[in-house]
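Below are the structure tokens for one structure; questions will follow.
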Amino acid sequence: MENKFYKRRVAYYETDCMRIVHHSNYFRYFEEARINFMHNIGCDVKEMENLGLIIPNVDAYARYKQPIEFSDEIIIEVKFTEFNGSKMNFEYIIKFADTDKVAATGHTTHCFVNREMKPISIKRTFPDIYRKLTENLSA
Amino acid sequence: MENKFYKRRVAYYETDCMRIVHHSNYFRYFEEARINFMHNIGCDVKEMENLGLIIPNVDAYARYKQPIEFSDEIIIEVKFTEFNGSKMNFEYIIKFADTDKVAATGHTTHCFVNREMKPISIKRTFPDIYRKLTENLSA
Amino acid sequence: MENKFYKRRVAYYETDCMRIVHHSNYFRYFEEARINFMHNIGCDVKEMENLGLIIPNVDAYARYKQPIEFSDEIIIEVKFTEFNGSKMNFEYIIKFADTDKVAATGHTTHCFVNREMKPISIKRTFPDIYRKLTENLSA
Amino acid sequence: MENKFYKRRVAYYETDCMRIVHHSNYFRYFEEARINFMHNIGCDVKEMENLGLIIPNVDAYARYKQPIEFSDEIIIEVKFTEFNGSKMNFEYIIKFADTDKVAATGHTTHCFVNREMKPISIKRTFPDIYRKLTENLSA
């Protein structure tokens, strides 16, 4: 299936005294893009949380290639690369909107838990979400 | 009663591309100092939340006098200035630890709600907390 | 002159364990809306900074009326209420995009300094910016 | 050489609506601990920046094992694992102060650049810092 794109402009408060976006904020950009992607495929994160399905990070990685500055417009591409019912993986590429140059890449892994942070079988408990995720996995 | 002091060093990620602490972070410093003060007077915020007593902000104000930089050590003084059972007020002074110069001042107002964000009478529901707050109000 | 509107969706990382947007983030929303407004009237903040004109906060205030949750779409209205060449004031109203209900209000004051954080006369040094600001003051 | 430890309490604003510390904040904890370690070995980050030596992230990774909550006291252990004059690596372990249980692990890579973000030879330009870093590499 096709990859998804999420565009946004860098806020002033996201920079640090190096005059570039603080490296921790890339994980927030990844999250925004991932949540937007999830919504687009019919798996709205807020709705899932209201149903008791929570999706915490298992790990997170970013590789910084070009510094991003305040006011830069960036595009975050999300690839949904793995899903086996108990975990899922996403890959990300951040590009500058004007030049298409890569600013950073990264990936995150997530699991499925209930409100008490206990792992749950999404296939059994949320078959509809399981199906949508399976269908939207990157080819 | 005596005022309370909370010391901390400014983190790198708290600065912005103006090379000083972003103005929004002062409200986080106020909060850290206030939560530390509450703990010191026997009103631990986490314990209160576990009991179902939530204390959101009603308002917040900061006045910026001297820029604060990465690695500066600051002291936040908390004054608990008003409490009437349904609202409470705090005043703050942020000083540089080395020079005692004022960097900023501010104040916040808070109310008491339950987990559904409905106002509650703390005097009736949490008399022990009501008593501790009353006793620790600034003279 | 007409007021300006800035729309955005609340990110997951902007909430806290009260399950609502952390009160410090409202000042970041104000900033995003203000920077967007400045850009719209031809006073791009990044360009001004590149010219050596820095616009720090002198104060900031927010009043919280209704909690905002993850994924809520909000509209921040900016009113440019005062400008005298050495300081300027903005007022803000945050509304829920779907109901038009007010979530919060606030205001900020700003001054004009150079890269060494010394006050500068914008009328003399940046007459073009001075003129644009004067023209776009709220009636 | 011995590893270094950095202790701190989790702030309210560092949690998200999952009621745990947002995953992006672990990179801020890593940074605080790393900057504290650098200071301890005589390589103060602020002093180095004032000399024109900037140390951005090349990459960053975190693995989340146990959720961390508001008010938890955590200890971040820093291991300085690699340094070759142009890059350096750190490894991190975050533990709960009360139980010594591991909450997360991670690592970051950094390079050395000047104020224009161009790579610099630290061995030639800053021999004293080069020496201190070499001496403090983990065995």
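Think of it as A, B, C and D in the order they're written, each chain with its own count starting at 1.
Methods note: a residue touches a chain if its C-beta (ideal position, glycine included) is under 8 Å from a C-beta of that chain, and two chains touch if they have at least 3 such contacts.
These numbers come from a predicted model, not from an experiment.
The chains that touch chain A as well as chain B are C, D. The chain with its Cα centroid farthest from the Cα centroid of chain D is C. More contacting C-beta pairs link the chains of B-C than the other of the two pairs B-C and A-C.
Centre-to-centre separation of chain B and chain C, using mean CA positions: 24 Å.
The distance from the centre of chain A to the centre of chain C, each centre being the mean of the chain's C-alpha atoms, comes to 28 Å. In chain A, the residues that touch at least two other chains are 12-13, 17, 20, 24, 28, 31, 69-70.
Arrangement of the chains shown, judged by which pairs touch: all-to-all, with no pair of chains left without contact. Against chain C, in their complex, chain D makes its touches with residues 12-13, 15-17, 19-20, 22, 24, 69-70. Of all residues in chain D, only 11-13, 28, 31-32, 35, 44-46, 69-71 touch chain B in the complex they form. Of all the residues in chain C, the ones that touch chain B in their complex are 17-18, 20, 23-25, 27-28, 31, 49, 54, 56-64, 67, 117.
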